[in-house]
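Both of the next two complexes hold chain A, though its partner changes from chain B to chain C.
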Partner chain A sequence: MATSGSKCRACKAPAVIDLPRHNANFCAEHLLQLCRRQVEKAIDDYEMFSKDDRLLVAVSGGKDSLAVWDMLVEAGYQADGFYVGLGIGDYSDESGDYVRRFADERGLTLVTVDLRDDYGYDIPTAAKVTKRVPCSACGMSKRHLFDKAARDGGYDAVVTGHNLDDEAAVLLGNVLRWDIEYLARQLPVLPARNGFPKKCKPLVRLTERETAAWCLIRGIDYLVEECPIAAGNRHLYYKDTLNSLEQKSPSSKSAFYLNFIDNMAPLLADQSAAAAGELNDCERCGSPTTNELCAFCRLVEKSSAHEPVPVELVLGKRGRS
Partner chain B sequence: MATSGSKCRACKAPAVIDLPRHNANFCAEHLLQLCRRQVEKAIDDYEMFSKDDRLLVAVSGGKDSLAVWDMLVEAGYQADGFYVGLGIGDYSDESGDYVRRFADERGLTLVTVDLRDDYGYDIPTAAKVTKRVPCSACGMSKRHLFDKAARDGGYDAVVTGHNLDDEAAVLLGNVLRWDIEYLARQLPVLPARNGFPKKCKPLVRLTERETAAWCLIRGIDYLVEECPIAAGNRHLYYKDTLNSLEQKSPSSKSAFYLNFIDNMAPLLADQSAAAAGELNDCERCGSPTTNELCAFCRLVEKSSAHEPVPVELVLGKRGRS
Partner chain C sequence: MQVKLRNPKREIEMRGGKTVNRLLDDLELVRESHLVICNGTLVPGDAKLGDDDVIEIRPVISGG
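Moving on to the complex of A and B:
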């Protein structure tokens, strides 16, 4: 990952990675230090949480979520993991194995939910039944169960592994449509409100190349494969677009995201508050919703009555998120 | 430009152009009608000007500026042309020929300025002397002289041929940096203020493919070649990026620009007003400026004292605008 013969900026030892956006190369130890500092800076700058808080980290078995869990535990935060079995064929089976192995080896607490076992459906079936793109049903299911697990377990904040590449790509998508409500909510921290837990993204200052390097150096085994349904979606296309811009002009990706947070997000604060509105409790599960039944309970109702749909039938029906 | 055998949406005659963003094909006459309607809509929606106003149209000899001048004259507006000889080698010589021929053939009034003859410098020399990118010195010179010509001639508004591709590319550049002051000023109309004339962009709803088709159908001879200094600048790269997005998702380019104007620009209105500030008159030329001498007079002072620099020496020193 580094040019042959290049040296660490901090200690002049042989470098293992070059980071054009920092205009520097780093050895393994100083790459870890850079990651730790960027994460601490995000936690501090955006007032995410303290060491007294109980955190629930959504983990998928991929590099980002395992990296953030590892970083938080290493730094002394109280962080449990949360995993949802989505029923996306071999992909889900493998992702669960990686997560459980990570937790077991470190003696960490892992909260798990399985869509098929616990709610009688899976993502391919939900996608087929709702005729919506699979990424939409998947995102909604994960958010709902994550929020619920945080409430049920009395956690102070939930944490996701969204990195700079993810956030910049979502931002590009929102900007291309100028969806003000979405833009106003695209923050590294969303405060608790209306029964939803506080949501934090400590990796927003790290690229996926950096989180991959973290895992490599720390010996974290993660699922490299991307979700087979998401492959080719717009989110990945936006990532490619930003990577091309970054290659032409290093650090443009972080400028795009961080300048948005610094310069624009404050101007949109009112728009977010205005959009929040009043919510009531879902009649079935008690979750906050604008309807009688929340979107998750409606999805469960429809999907659990349907016979299971094999993942192969929904490949290529990718969504934009 | 159209698929063989395709038919005009309006009259079913053979089509000469297909426009995926409108999901339609058009014959020559109905393509002209579409252009006229989009221009009238921009003029009306953004309250640009009326037929009582005297307009000064900046023309470069390229398709967009000649198209907008032609459209305005055809629609009955009082529109004179304004051309600046920039001294960019053969490119400038040819561009001047196209502009003068267009005006002569139609009996239109053309106001001209020549940087070398009238101010003792040219763009290659200015770029060399100021050590700034040539596009920066060029843009500043053109804006200054355009504003001055409008004041001197008592025009009610100045008009440029910026099209949807131009505006979307500038918007992308501004968004990537989240430069709020630039974003707040990126409007299809800037009202007159502090001695600056009202500025209007009637082509913001038309792509460059559409303005090229207008010229082709109307028999307007224009300079196809782009400025040799600007070739490869970031602006063109942003255009390519948006063209890729447009190809993947037709009408995303117009959504990006027009949703910005509709959804975001109103939220930025205060930022623009705040940035306007108070100006005084340039001691030398009387133009509004924040300094004693305006940027143009400072440029003239430096550049006119320097021996002329051939254009070849500044090729590849492109800028971002």
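Moving on to the complex of A and C:
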């Protein structure tokens, strides 16, 4: 049996986790309390939503999206789930099972779309047809369907499970290129505009290690395996790099991201407003677009006409949009 | 003790008596990227692992 000397900072019971960035150890109950407080702080500080709002949470079957759905429901928010079957081999079959089980066990409402059944294509096929990296077709499809589901269902805001590590890794990528337009839009909340719903990221103050611990302690069964297309991508490399830094210098990762939001993002505010131009409705689906047909409808048109492509054929083509 | 690892999924046998932090160091794994579960329970870095323990080292970094 494992024995440990470390005690919870709050109650002095035996600790289950060490959090070097807080220079403290926590028992299971107080780790949960820390997570709840960080999420409430993010919701309040960035004015995300209230208990009167109807929320739609994008869920993938992974730890972050299930954790945020669980936290919101536990805290008394009205949150439904939204899942897209991407047709990425066994990964998609399994991820769908985890999401449905989570929703069923808790009696929660889950809105689902299946790319193959509902639109006649899947991500490997779309990647082949567009000759782009799979993550680019995937990200675009998910964003489009998520926005559409939010509009169709009359939701007040959409929620994603992006955590501190996700945001810090994207920030590192944007800073390495000094991509001012992306930097200006990298906020925990994007207001509704031009027919796009308000987008909120309540987990930006929690690391992945903390959201994973939330799931373990709460008994949430999530898909630990990754999407096979993610393996080896640049986003993961940035995360590893930041975690090596964090190992040597605890709390540098959160300072990097949270101080960007507090100190730098306000200076960039007018840069992102400039990017918002006039949009019209897509002729086919009514989504906001600068063209006659939106990018999603163009993708569906091309991909659904193509023979299904197995996921193995696109696994060499890595990278993230 | 039995140690379960992922990416790729595998199991290795190691001698007990070391702490969680020492185990991670020996395997050249970064603490911030992993949780360590001993006999089904989350354990902190200074927990001492015994010969009979079943350990899971779970990566927490996702790439989507």
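Everything that follows uses one rule, which is that the second predicted complex is superposed on the first by the 317 of 321 C-alpha atoms of A that agree within 3 Å, B and C clash if a C-alpha of one lies under 4 Å from a C-alpha of the other, contacts with A are read in each partner's own complex, and residues count from 1 in each chain.
Basically, a contact is a pair of C-beta atoms (placed from the backbone, for glycine too) under 8 Å apart; a residue touches a chain by one contact, two chains touch by 3 or more.
Note that the coordinates shown come from a computational prediction; the quantities given were computed from them, not determined experimentally.
Undergrad: Is A:Ser244 touching the first partner chain B, the second partner chain C, both, or neither of them?
TA: both
Undergrad: Thinking of the overlay built on chain A, is A:Ala305 touched by chain B (first), by chain C (second), by both, or by neither?
TA: neither
Undergrad: Using the superposition described at the top, determine whether chain B or chain C touches more residues of chain A.
TA: C
Undergrad: Per the contact definition in the header, classify A:Ala192: touching chain B only (first), chain C only (second), both, or neither.
TA: neither
Undergrad: Touch check for A:Ala255: first (chain B), second (chain C), both, or neither?
TA: first
Undergrad: After the superposition on A, what does A:Ala269 contact: first (chain B), second (chain C), both or neither?
TA: Neither partner.
Undergrad: Could you look at A:Trp178 and tell me whether it touches chain B, chain C, both or neither (first, second, both, neither)?
TA: It touches chain B, and chain C stays clear.
Undergrad: Examine A:Val16 and indicate which partner it touches, taking first as chain B and second as chain C; both and neither are also allowed.
TA: second
Undergrad: Identify the overlap between the chain B-contacting and the chain C-contacting residues of chain A.
TA: Touching chain B and chain C on chain A: residues 244.
Undergrad: Can you tell me which positions in chain A touch chain C when the two form their complex?
TA: 1-6, 15-18, 20, 25, 28, 60, 62-64, 165, 207-209, 211-213, 216-217, 224-227, 230-231, 233, 235-236, 239-240, 243-244, 246-247, 253, 320
Undergrad: Taking the complex as given, what residues does chain C use to touch chain A?
TA: Interface residues on chain C, with respect to chain A: 6-7, 20, 30-35, 37-39, 41-50, 52-53, 58-64.
Undergrad: Which residues of chain B touch chain A in the complex?
TA: Residues of chain B touching chain A: 175-180, 234, 237, 241, 244-245, 248-249, 252, 255-256, 259-260, 262-264, 267-268, 271.
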